[in-house]
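Below, each structure is written out as structure tokens.
Both complexes below contain chain A, partnered by chain B and then by chain C.
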Partner chain A sequence: MSRARWIATGVLIAVFVLALFASAFAPAPYAKQFRNDTDHPPSTQFPLGTDELGRDRLSRLLYGMRISLLLAPAAALISTALAAIIGGAGAYLGGTWDRATNMFIDLFLSLPWLFLLLTLRALLPLDIPPFTSVVVTFALLGILGWAASARIVAASVRSIRSSEFLLQARAAGCKPSRLLFRHVLPNVKPILLAQFWISVPLFILTEANLGMLGLGVTEPLPSWGNLLRELENYTALRHSPWLWVPLLSLVLVVSLFQFALGTEEPA
Partner chain B sequence: MRASGHRVIGSSGEVRARRLFGCLLMLALVLALTSCSRKPESGGELRVTIKTDPKTLNPLMAEEDASDRIRYLTGGVLIRVNRKEQENQGELAESWKVDEGGRRITFDLRPGVKFSDGSDFSAGDVVATIKAALDPSLHSPKGDPLRAGGKADVRALSGNEVVIEFEHPIAGLERLFDEIAISPERVAGKADSSVVLGPFSVAEQRAGEYVLLKRNPYYWKKDSAGHQLPYLNAIRMYVLSNRDTELIRFRQGDIHLIDGLPPDLYEQLHSEDSGAARDLGPSIESEQLWFNQVAKAPIPVYKKTWFRSRNFRRAISLAINRSDLARVAFRGHATPSVGLLSPANKFWFDQNLKPIPYDTNAALDLLKQDGFTRTEGTLKDRNGNPVNFSLITNAGNKPRERMGSLIQQDLQQIGINVNFVPLDFASIAERIMKTYDYDACMLGLTNVDLDPNGQVNVWMSSADLHQWNPAQKSPATEWEAQIDKYLRAQASTLDRAERKADFDKVQEIAADEDPMLYLVDKNALVAVSPKVKNADPVVLTPQTYWNAEYLSLEK
Partner chain C sequence: MRILSAIGRHLLIILITALVGGLLGATLVRLAPGFGIQESDLNAQLSAETRKALHKEDAGERNVLSYYGHYLGSLIHGDLGYSRSMDRPVSELFRDRLPDTVESVVIGVAGGWLLGLALAIPASWKRAPFYSASATLISGIFLCIPSAVLALIFLVIGSPGKLAIALVVFPKVFRFSRNLLVKTYTMPHVLTARARGLSSARIFGWHILPNIAAPMLALAGVTVSIAFAAAIPVEVVCDSPGLGQLAWKAALSRDVPLLVNLTLVIAIVTVAANSFSELLSPAATRDVL
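Entry: the complex of A and B
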């Protein structure tokens, strides 16, 4: 493993420890409102300042990271797995299966999911605990977010299926299972990994937007997504550069993930 | 020999200097005299915004905000409610008289008035417009309050005298004519605001872009110096729903006036240009929270018992820190509510109402009386049910979302767990109007009318907007029956003092029973460009251009 990868892994572990033991590191409870110190700039008491309700930003970031770091990759894993199964299987089987899968993916992409989510929220009980709401939200994102990735996976599998090396393997009498696991999947792996890493920040941001529909992480629970909503206030961003910290930390963590777990280029 | 410092009297230099001084004095005098009667900078195009395209340009059909603002700027009315003084004043009617116990009103019309196309205004136009407003087949929202008076006989007594006789008396009858723009007889009921008696007429409309109003050259009103009004040549009303974009364009000088700024945007503008951002103090808009008391609501019976208890509602009211709601959620641009009317409603607000204190001990005492106990930080009812409820509001409204979080923490102090759920507006409407599947809701019901009759659609037990328990066949509680009685009493007399006394009773019962917890009265926040002259913003709509005919632009 390269030195850069070691460093990335080390920093990632540190971030995970910080997030998992947020209660030990956070200067204050994430929901506590210091109402006389709203929109406070960074200070010794509040290292990242306070939000509009006087809640300590650093504490909310640490707790928010914990939720998002656990659930967004889980949702990304679900959606990537679905993309691999549906898109990959259709393209690998070819012919009618491929056409049917393509149609299904197109249909799925064209459906107005916003209305489905609204209906779902309307059907959910109002007294659903905040943590359940979070899990439901990320599970939904995972289940609904596979289609765009599936199209890319299908295109890749289609190209592998018609490649010469696969033709030779087939001609050499390889069984379908061996073809799939020894020849197709290893070649699709970089694409799946790329789709996974794209999905993680995407789901974190989507969760923030779902908050507008009352479906995301509900108050007072913090998430990376709802911390990023503060970036909507562009005037405040000019005068309060510390508001960029959640975004920068998100970019950092996603980059570290890619460094630590990404496919290493051959020397 | 002349000593320096001494002057030779009668020298030619002296004479020239005296002449020059005389000329300058004359010039100054002439300038001073002309500036006294000089009319403000005329011309120019004032640019404001409306949030949506107007649904109609027919002033009798105006209902939503955009159409109503156009109606206000274009419509000539018999009586105008002065937005600043909040008193009725004659416009097209020089004078009026209400008699027959509030069943009859007689108008003396202003002579010499012309429509914007130069045609003469007459009693026939008034008769035709009022008849159209009263026509049930037109379904005019402006005519609805007049139709409450039953059958009406509208007729011209002479060329400048019109009388309307109703079957039943209507309290506060005069103010209803502030809403009815008089149209030419030939187009009454189907007018499009192009031929009007107001200061401006509609010249052009581009869907999704703007509505252009041009100056009415025949407008009857003149300023105190006798100059023809309005000063402006035109008003362009951009269709713009995004408040952030609106503020950016205001900063760029593309928009001159903004009504109803949200507190966050107000603060942004104030930090950059404190002169342009103006906080006018409490408006007549307030924020409320209510508990679901509908008998058939699909919520647990024990929750219905809590919500129907006056002590429970009162305790919640006492446990909410309204000062913090105003200071934190509205950035200090709101005032803790005292009751169902804001003090901005100068005449009808009940001065005897006391501010609601923030007192958690008093709240717990009241809850104790109902058998609630607090163990290990959790409040439980007499049957051991932990007290928790969901509070819904519309997502995307930042001050309201902040209020929800503040209330959540306030009630946590007395052991109540609030599940705060912002929802899209359609889901809220579905829950509070149809399924009744909710515990508590926080919204702002906008007051559009200063008169108590404007409250009837909320406070009468039979009303659809009686949100905590709507459309009751008969009053569910004794206090609701009392409110119904006083509302009817105030509507059946013409004596303003008597009406006030009756409506004070309504306000006092409402404050005592707390079916709606009034939280804060929002301040009226506006933006006024320094280029706009004679701007005198008020808390009533349209806040910044209620006196549009007197506004002018600095060149």
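Entry: the complex of A and C
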């Protein structure tokens, strides 16, 4: 791993720790309203100022980061597990199962993800409690985000299935369960791990997009998505540059993920 | 003959997408809260017997399969249903809003490809580390910004928000084509052509372009899908009356029939775009993308 990747990983861990212990670092609770200090510019008491309800922006950013950084990996775990089950099982069973799974994956990939998210989110009530909205948003991301990973997992399982060592193991009388758990899964593990880490920044960005559309985490709980909604007041942006801080922090974290993972498009 | 069978296979895939998508859509509409509740239930002038008779008339709709049959029948006749939130037939809404989205998607895809290739070709051609690193950094930054925020930035600087779609498409095109070009430039036949003193333009036109054409065409289909997805937040932020904004309005007002039809139409369009680009490129590139 290059030095730049080590540095990116280190900074990312520091950001995770900061977000995880948000209650220790935040100057105030995220929902506390300082009624006499609404729309306050940055000061020693409020380093990033306050919003229109008088809530400390820095505290909301730290708590929002905690929600996004803890739940995006949870959603990634769901999507990777689904990718492993659907893509892996289809390719392992082979034949008609493989073709049917491939077709299902292709069908799923043909639907633009955001359209699908909007449709399913619309089926659920919009006025749900804030905590439920967090769970629903990230659960939907996890449930709907498996298809691209499943295609890669299926391709990998297919190549392992036709490998010589598996043929030898089968010829030696290895049971299917032993083949799966001792030979296939350990070889797919690195791919699953890579897919998991690639999904995390993707889910953080998608939550931000959903939040900006008003379909993500609901108030008063903060998340990157609903913090970015303040940017919609673009007349205020000219004289309040600190409103860009949530966006800058989001770009920083997602860039750090890219650096740490060394993600490159295959060719 | 092979081309005809490939076209037939892709048409079949589009048909299956429409049928499965329709079934899923009909099931979602059927399961959505509030299904089966009629305005007549609130009409105090109607007797209990009349209400019972009206419910009996609609009883067939409660079965998902018969509902799907009805839905499919209407769909074949071009009837996409009625939007409750917009108080207009869905087909009429599509007719009004489709041109705007198509324009955004075309601008986005064309702009993204122009920008991506404009940066990728010199990056692989010149092999200047600083240029390559800068171009990678620029594309990386755009990968980290939500499309809604990109549209907002365009509005703040007084530019058309639709151009934001191009910046969503550009990093994907840049990274894929740059890697592909770098790989192709190191192929033995290209090295031989260089050693023989062929001009850079001739090498690019005769030895690089034919090699990268097929995977690039496959990418074209994917970028249409990316542009369609980006159109939702961009149209919402820019208040542009397209299908993306319609989807968002339908989601907020829980207009499930409208959303389902919208998703179905978009799915068919993206499957058709992917099929078209796949027909023009070898199947070997499918897993790469």
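Methods note: the second predicted complex is superposed on the first by the 157 of 267 C-alpha atoms of A that agree within 3 Å, B and C clash if a C-alpha of one lies under 4 Å from a C-alpha of the other, contacts with A are read in each partner's own complex, and residues count from 1 in each chain.
FYI, a contact is a pair of C-beta atoms (placed from the backbone, for glycine too) under 8 Å apart; a residue touches a chain by one contact, two chains touch by 3 or more.
Worth saying up front: this structure is predicted, and the values here are computed from it rather than measured.
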Answer with first, second, both or neither: which of chain B and chain C does A:220 touch in the superposed model?
first
Identify the partner contact of A:54: answer first if only chain B is touched, second if only chain C is, both if each is, neither if none is.
first
Please indicate which partner A:106 is in contact with in the superposed arrangement: first for chain B, second for chain C, both, or neither.
second
Look at the residues of chain A and decide whether chain B or chain C touches more of them.
C
Quick check on the superposed pair: does A:237 touch chain B, chain C, both, or neither? Answer first, second, both or neither.
second
Just to be sure I read the superposition right, which of the two partners does A:118 touch: chain B = first, chain C = second, or both, or neither?
both
First (chain B), second (chain C), both or neither: which does A:258 touch?
second
Scan A:155 for contacts with chain B and chain C and give back first, second, both or neither.
second
In the overlay, answer first, second, both or neither for which of chain B and chain C A:31 touches.
first
First, second, both or neither for A:7, with chain B first and chain C second
neither
Contacts of chain A common to chain B and chain C in the A-superposed view 118, 121-122, 126, 212-214
Would you pull the chain A residues touching chain C in the complex into a rising list?
103, 106-107, 109-116, 118-119, 121-123, 125-126, 151-152, 155, 201, 205, 208-209, 212-215, 228, 231-232, 234, 237, 247, 250-251, 254-255, 258, 264-267
Seen from chain A, its contact residues with chain B in the complex are 31, 33, 35, 38, 52-54, 118, 121-122, 126-130, 211-214, 218-220, 233, 235
Counting only contacts in the complex, chain C reaches chain A at residues 13, 16-17, 20-21, 28, 31-33, 140-141, 143-149, 152, 155-156, 172, 175-176, 179-180, 182-183, 215, 225, 228-229, 232-233, 236-237, 247-248, 250-252, 254-256, 259-260, 262-263, 266-267, 270-271, 274, 287-288
What does chain B use to touch chain A in their complex?
264, 268, 271, 324, 327-328, 388-390, 392, 395-396, 401-402, 404-406, 408-409, 419-424, 426-427, 430, 437-439
